[in-house]
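Let me begin by handing over the structure; questions about it come next.
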């Protein structure tokens, strides 16, 4: 028998170290370097966590759609697994973005929720849509069909994300704190630097967690396969129904 | 510092502090909960792997003594 | 095209014979108008409120049809029968979307006058032309997205639940455009035509989803 | 011309998730011959027929049917196969004639063929009744019409006589029986009836081929073994 297989995939350690370093640097910049915003004061510090979370989540959703295209074209289940992990992780990040956004709204406008902010509103719509991804998967028993239908969903929803933002923005006046104009045109250089480092930190975190989740899922799939090979079909028992790819 | 604060018409620091803290705590708690769940799942996978290794070793030990039995279909 | 016509014809004959979908949608809409009357405690509504009630009701009524659209195919072997024929698979998407569009149009022919009669304060006569254009574009959105989601949901165990929970968020942009476009039309002394940008948004939405549905539909039929 | 087999399967495999429904099926059937597929419920008979009908794609191995490799050329094959499965594939709320007209349009077949077939299975008088009002046997007769509507060269018959009494079975015999002269793959709940019809027998056990043999050379004990 060979050495015990590594649960964690290659490169995960390095990625985790880099993530920790950048996130720590970002936190230091946020609290000790970036100046206080002239309009919002200290509350604006939420910006450095909320916006990167939201941007990463949205990019992750679109990434899930692109990976799903690869799955539909090639038909190999490993792309479905990647698409699943990307969307799964994005959903967690999106929930974080919604909660931090809500806290920010309460702090700066006095309400936990503001409909007048198109970015927040469209973000909620996107989260509501992606919240159906897991129930959809869970509701289809045949794993191959589950993977294919989930990919169709991921492609459609991925294309829906930008369109939804455009429509909601058109429907409402832009009443957003001006720090949020992501072109960065209004941000002083020090703020922009802090924001950029935060964004990189959160994106790295997303990549690390995706990799972690991916390798954990792969180990479990391998484990099942090994048990079936070594001990026969009966030893594994009936597969528990699952929303995750197998 | 005090000049900057004075220029800010928004919440003063002592009121804004809890909100900012809450936002960052939400982030950390989400992360920790996720990592805890992953840790549990990984340890379960490792336990199953150890179990599998034990079963395989047992089978190999048993197979050495007598001819292999076919599992009844 | 002949395949599309054959499927559409079969679907319309089936609907005429069983009267399963459209009457249910009509009854649902009428009941919802009555519910709004009591829930809002208003004899008449106008403007954005009226537009919201109308589009919301039509959207939910459409979900009834979305749930039914592929049930006969699934339960009576229609999918297999279609897949056994040497025809382009997109024909099924086009035919089903057309069938759904027809169902929605019939629903609106009945529900719109009923809405005017039961709830709407201002006269419907003047903005009718603009409303018809707006609703036609909205119906295309409902038909395309509804068909796509219905084809996904029909193979799930909880199809009656999965269909609406996926379709509704996807349709929110279309709902925004329809409701905001219809608002000024239904106001007292309101506009006669909806603002161009809402029509443009709806047309763009229709186009994007039509292309998307066309691109992914085949994957929903394969086995 | 080189007589290529009508059906040529090599190592055909199909899985459903983690379960293997069909493994390593290799069989070759000449044009005009009949293959009987035997096995218990769940042995993979229907899966094999559905793959041949292009309704399922194979996961491994090669399948060439009527010179068309599957699944790549499935589209070209469809016009030449007639499939009769467990379900009649008829809409219950349409009449028999409407159902056949729908299929005739999908397959681009002239409507005159419908009357001809309805007469052949003696369903002309009940053709205007909705399928839901018909007995299983009558629906099965309509399903036979549906399967041969477009004059296929290859028939895939999954228990074709299951709901038919002997009289009705005799009616459909010229369409789907040996007398049709078509290449056929059939399964049957009655192995002895299937053996009488077949030129080649494929026994399936748990998705794997147990034997492939001509009926005359087949030891009856091996057939019995399949169902034990």
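Order as written gives the chain letters A, B, C and D; numbering starts at 1 within each chain.
Just so it is clear, contacts are C-beta pairs under 8 Å (C-beta built on N, C-alpha and C of every residue); 3 or more make two chains touch, one makes a residue touch a chain.
Computed from a predicted model, the values in this text were never measured in an experiment.
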>> Top contact pair of chains, counted by C-beta pairs?
In response: A-B
>> Measuring between Cα centroids, what's the chain most distant from chain A?
In response: D
>> Based only on mean CA positions, could you tell me how far chain A sits from chain D in angstrom?
In response: 49
> Whole-Å distance, chain A centre to chain C centre, using C-alpha means?
Replying inline: 32
> If you average the CA atoms of chain C and of chain D, how far apart do the two points sit, in angstrom?
Replying inline: 40
> If you average the CA atoms of chain A and of chain B, how far apart do the two points sit, in angstrom?
Replying inline: 16
> If you look at chain C, which of its residues touch at least two other chains?
Replying inline: 222-223
> chain A: which residues touch two or more other chains?
Replying inline: none
> Along chain A, where are the residues that touch chain D in the complex?
Replying inline: 142-144, 224, 228, 236, 239, 246
>> With touch defined as at the start, can you tell me which chain D residues reach chain C in the complex?
In response: 50, 53-57, 75-76, 78-79, 81, 83, 85, 87-94, 98, 102-103, 105-108, 130, 146
>> Quick check: in the complex, which residue numbers of chain A touch chain C?
In response: 72, 125-126, 128-129, 132, 135-136, 139-141, 145, 148-149, 151-153, 155-157, 159-160, 163-164, 167-168, 170-171
> Where on chain D is chain A touching in the complex?
Replying inline: 16-18
>> Could you list, by residue number, the parts of chain C that touch chain D in their complex?
In response: 2-3, 5-6, 9-10, 13-14, 17-18, 72, 76-78, 80-87, 222-223
